[in-house]
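The data blocks that follow each hold one structure.
Shared between the two complexes below is subunit A, which has subunit B as its partner in the first and subunit C in the second.
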Partner chain A sequence: MKKIFAVVLTIACLFAFTACGSDAETLKIISLGEYMSYDVLEQFTEETGIEIKYEEAPTSEEIYTKYMSGGLDYDLICISDYMIEKLIAAGELAEINFDNVPNVANIKDIYMENSKDFDPENKYSIPYFWGTLGIFYNTEMIDEPITKWADLWQEKYSGKIIMMSSMRDTFAAALAQLGYSINSTDEKELNEALQLLLAQKPLVMAYYVDEAVDEMLLGSAAISMMYSGQAYYTMSLADHDNFAFVVPEEGSNIWIDSYVITNRCDNKEAAEKFLNFINREDIATQLFEEVMYATANELVYDAIEDEELKLEEALFPQDASVDRCDVFKALDDTGMELYSKLWKQLKAE
Partner chain B sequence: MNKPHLATPYVVWIIGFTVLPLLFVLYYGLTDASGNFTLANIAAIADPIHLKALWLSLLLAFIATTVCLIIAYPLAMIMRKLNLSKGSFIVMLLILPMWMNHLLKTLAWQLLLSNNGIFNTIFVALGMEPVQMLNTSGAIVLGMIYDFLPFMILPIFNALTRIDKDVIDAARDLGANSLTVFRRIILPLSMPGIISGITMVFVPSMTSFVISDILGGGKILLIGNVIEQEFNKTFNWHLGSGISIILMIFVIASMSLMSRRGDKEGGAALW
Partner chain C sequence: MVKSFLEKAYVAIIFIFLYMPIVVLMALSFNASKSKATWGGFTFDWYQKMFSDGLIMDALTNTLTIAFISALVAAVIGTAAAIGIQAMRKRQYNLTMGATNIPLLNADIVTGISLMLLFVKFTELGYHTILLSHITFNIPYVILSVMPKLYGLNKSTYEAALDLGATPFFAFRKTIWPEISPGVFTGFLMALTMSLDDFAITYFNKGVGVDTISTMIYAELRRGIKPEIYALSTLLFVTVLALLLIVNYRSAKNTKS
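This part shows the complex of A and B:
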C-alpha cells in the first residue's frame, strides 16, 4: 500500500511539474543572451497587464535543445536565422498575423527580404537585430590592415589568434577562404576546410565565443573572429581606436536574429501585442540603445544623429561588406553529422 | 520507529531525478533516430576520435587524482597532528572554496593563467619570458586539482581523526618505529578515507567538460566534451547517450573496484 502511495505521489509530482502555469495572461520568452532591456519588459506589463517570464541562453543551439526537449512551453523565441529554418521545418512555429503587428512596417525592407532565405514567405519571423561575422583585431599589435580570412593563418600571429568555438562559424572562415560556399555540405570541400583548420590549429590560442572579448581587451590575443555587434561592444569597453573590425574580402556570414511565435503558444494575441510593442519606434530605440547591436528597425536607424555611428563597421556593417555575405542555411541530419564529425576531429588533434 | 512513508520524498526524488533520467539515457543510447533498437551508439566509442578523448580523460583524471592524493595525505596528517577539531579555522579554510561556484573558480584560473594574465605579468616583471599556460592539458589538470582537492582532504582527515590514539601508543610501547606505525596502523586505518577521496576526485575529473572547455580553450577534447557537443550542438541525443553509457560503465567500474578495496580494509567509505 505504501509503495502504491509513493508511486502515485511521484506521478502526481511529475504532472505538477509539467502542468504548471498555463495562465492566459503570461508570455514565456526565451532569447539569445543580452538582447533585452528589463525596463522595456516592465513597461510592456504596465501598458498591457500581460506578465512576462523572460529567460536567456547563450546560443541558438541551446535554445533549440531546450525548446525541443519539451519541458517548457515558450510562447516567443528570439533565435538565429538557420535555427528558424529548422524550427519551421519541424513544424514548431505559428504563422504571425501581421494585421496585429502593424509596427512591422518599421522594419527595413532589406531585412525582410534577407529573411526569405530561412522564412521564404515572411510568415513566421520578425527581424530583431542583425550583424556579420568578421575579424576583430588590435591595431596596436598588428600594424598592417587585415583584409582577409587568410590573415588568421599568418604564422607571425601564432598564439595570438582566436577562432570561434561554434563549428559553423569557424568552418565558414575556412570554406570562404577556399572559395567554397559557407553552406557547403560537400564532403570533399569540408575535408579540405578541415585540413586548413588543422594546419592552423598550432597557431590558434583558443576557440572561444564570449571569452574572446576579455582576451582581446587584456591584449592576450591580437586577432579574433567575432560578430559585428560583439566587436562594437568590445571597442566600447576600451580605447576605440586601438581596435578594428573587418568583414573579410572572401565573403562571410550575415546573421539575422528574429522573433518567432511557437505553435505551443496558447495566447497568440498577447504574443503579437509583444511583437508590435518591441517594434514601436520609442521602444525599439530604447532596445537599440541598451543592446547596441545593429537594429533592423528603419525608424530607429534613420533617427540616429551620430553619422559616424552609422558608418561604424563593427556595429552596422556597410552595404559593400554585406554584399559579400550569405545567410547560413540549416543543415540536414547528414550535414550536421558530417560537421560534427569533422569538428571533433579538429578538436581532438 | 519503522515509518516507511517518511521515505516517500526520497523515493520520489530518486525515481524522478535518478531512475527516470537513467532510463531515458538508456533508451536514447540504445535506439536510433527512428526509435529502432541499435548498438551503433555504444559501438561509436570505437571511433578513434572518441577513443582518444576517452583515453585522455582517463589519463588527466588519473594525474589529477594522484597529485591530489600526494598533496592531501600529508596535509591531513599535519591537520591531525595539530589536533584540529572539525569546526576549526583551518578546516573552514579548506571547506570555504567549496562554497564558491565551481564555474567561477575555473574562470578565475583562466584570468590567472592567460597570456597577459596575473602570473605572466609577474613573470615578465621579474624579467622572465611569459609562459603559455592556458589552453594546455596542464591547465586542465591544475583546474581539476584545485576544484576537487577538498574532496580528497576531508575524507582522509576524517578517517585519520577517527584513529584511536591509544592504538598508536600501544604500537609504540611494543617498539614500533614511526615508519612501522604509519605502515601498519595509520595507513590501513585511513584506507576508507583514501578510497572515498580517490573516488570523489577521479569520477568528476573524468566526466568534467566545463574545466576542459574553459581552461583548454576548446583545443582539447575530453569525453565529456564529446557528450556535451552531441547534446547541445548537434542534437544527436542518441550518440550522446550511447557515449554516456560507456562513461557510466567506466565510473561504475572504478567505483566498484574502489569499494571492494574499501571493504577489504574494513569500514565503509566515509562521506
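This part shows the complex of A and C:
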C-alpha cells in the first residue's frame, strides 16, 4: 500500500511541474549566437505584452538538429541561407503574411533579391544580417593592392597565408578562381579545385577559423581569408589602420542570416509583430550597434552619419562587390560526400 | 641534488600544464584590449560590464539557483537512500550500490539524452527539467560521501534510543545525524560543484530561453568569446576552488578526529 502511494506521489509531482508554463502570449526564438540585444527583447515585451523566450546556438546545423528533434517548438528561427533552403524543402516553415510586417519595406532590395536563391518567392524569410567572404590583409606587410583570389597563391607571401578551415569556403576560393560556380558539385571541377588547393598548400601557414583574428593582429600572418564582419571586428581591435578587406574580383560568397516563422508556431500574429518590431528603424539601429555586422535594413544604413563607416568594405561590402557574390546552396548527400572526401584529401596530403 | 631538482621540476611542469591556462584566462579578464593577442593595460571594465549584462546575469542566476536547490534536494534524498541501502542485506546492498554508481561512470551525454526523452513525454522542457536532471545526477555523489560515515556507525545506539521510547525521527536526529552530518555536508558541496560544472546534461534538458552559464558560453562560441565571459569564468573558478578547499579541509579534519 505504501509503495503504491509513493509511486502515485512521484507521478503527481511530475505532473505538477507540467502545470506551470504555457502562458497565453509567449514567443520562443532560437537564433545564431550573439545576434540580439537584451534591451530590444525587453522593449518588445514592454510595448506588446508578449513574453519572449530567447536562446542562441553556435551554428545553423545545430539549430536545425535541435528544431528537427522535435522536443522544442520554436516559433521563430534566425538561421543561415542554406539551412532556410533545407527547412523550406522539409516543409517546416510558415509563409509570412507581409501585410502584418510593413517594416519589411526597410530591407534593401538587393538582399531580398539575393534571398531568392534559397527562398525563391521571398515568402518565408526576412534578411537580418549579412556579409561576404573575402580577403583580409595587412597593408604594411603587403605593398600591392590585393584584388583577386589568385593573390592567395603568390609565392612571395609563403608562410604568411591563412586559409579557412571550413570546406565550403576554402573550396569556393579555388572554384571562383577557376571560373566555376562556388556551388559546383561537378566532380571534374571540384578535382581541379583540389589540385589548385594542393598546389597552394606548401605556402599556407595554417587552416584556421577564429584564430585568424589573433594571427593577423599579432602580425604573424599577412593575408587571410575572412568574412566581412569578422574582418571589421579585427580592425576594431587593432591599434593601427593597416588592414584592408577586399571581395575578390572572381566572385565570392554572400551569406544572409534571416528570420523565419516555423509552422509549429501557434501564434503567427505575435511572431509577425516581432518581425515588424526588429525591422523598425530605431530597433534595427539598436541591433546594428550591438551586433556590428552589416544590417540588411536600408534606413539604418542610410542614417549612419560616419561616411567612412558606410564605405568600409570590411563591414559593408559595397553593392558592386555584392553583385559578384553568390549564396551557398545546400548540398545534397552526394555533393556533401564528394566535398568531404576531397576536403579530407586536402587536409591529409 | 640533481635528483631532487628533477623531482621538483617534474612536479612544477605538471602544475604549469594544469594551471597555466587558467592563469592566462584570469589575466585576460583584466586585459583592457578585447584581443587575446595584445595586452592593453589593466582594467576592471569586463567585470563591470558582466554585472550589467542582462543575459549573463540571467544565466548566472539560473546556474546558482539550480546548483543550490539541486544540491539541497539531492542531499536530503541521498542521505535517506544511503541509510536505507546501508541497512540492506549483502546481496541487495551490492546490487543497489552498483545501480547508484552507474550514473557516476556513465557518459553525461547518455544521462542527458535519456532524461530528455523521459521529460518530453510528461512535460515541456524548461527550468524545472534542468533542476530535476541535476538532482538526479547529484544523488549518487551524496550517497557516495555519506556511505563511509555510516560504516563506522554503531547501530545499537539507535536501537537503544528506540527502546527507551524515542520516536524513530528523534532517535535519528540524536544518534545518527551527528555522526553523518559532515559526510552529508561534503556531499552537498560536491553536488553543488558538479551542478555548477555541468554542460552536457543541462544542454539536453534545458528549455527555450533558459540558459546556464555553460550553455550560454557555448552559444557565444560562434563569434568568439567576449571578455565578460573571462571575468565570469574567473569568478566561477574562484568559487569552485573555494568550495573544493572547504571540502578538502573538512575531510582532512574528519580523518584526524
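The working rule: the second predicted complex is superposed on the first by the 322 of 349 C-alpha atoms of A that agree within 3 Å, B and C clash if a C-alpha of one lies under 4 Å from a C-alpha of the other, contacts with A are read in each partner's own complex, and residues count from 1 in each chain.
In this text, a contact is a pair of C-beta atoms (placed from the backbone, for glycine too) under 8 Å apart; a residue touches a chain by one contact, two chains touch by 3 or more.
What you are looking at is a predicted structure, and each value in this text was computed from that prediction instead of being measured.
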Subunit B versus subunit C as contact partner of A:Gln318, first or second or both or neither: neither
Partner chain in contact with A:Glu337 - subunit B first, subunit C second, else both or neither: first
Which of subunit B and subunit C A:Leu218 touches, first, second, both or neither: both
First (subunit B), second (subunit C), both or neither touched by A:Gly159: first
First (subunit B), second (subunit C), both or neither touched by A:Ile52: second
Which of subunit B and subunit C A:Asn191 touches, first, second, both or neither: neither
First, second, both or neither for A:Leu237, with subunit B first and subunit C second: second
Which of subunit B and subunit C A:Tyr207 touches, first, second, both or neither: first
Touching both subunit B and subunit C, residues of subunit A: 14, 59, 214, 218
Residue numbers on subunit C that touch subunit A, as the complex places them: 33-38, 53-55, 116, 120, 122-126, 128-129, 132, 207-211, 216, 218-224, 226
Touching residues (chain side subunit A, partner subunit B) in the complex: 2, 5-6, 9-10, 13-14, 59, 61-62, 64-65, 68, 159-160, 165-167, 201, 204-208, 211, 214-215, 218-221, 333, 336-337, 339-341, 343-345, 347-348
Residues on subunit A engaged by subunit C in the complex (per definition of touch): 14-15, 17-18, 20-22, 28-30, 32-34, 38-39, 42, 52-59, 71-72, 74, 210, 213-214, 217-218, 230, 233, 236-237, 239
Sites on subunit B touched by subunit A in the complex: 4-5, 7-8, 11-12, 15-16, 33, 49-50, 52-53, 110-111, 114-117, 132, 134-135, 217-221, 225-226, 229-236
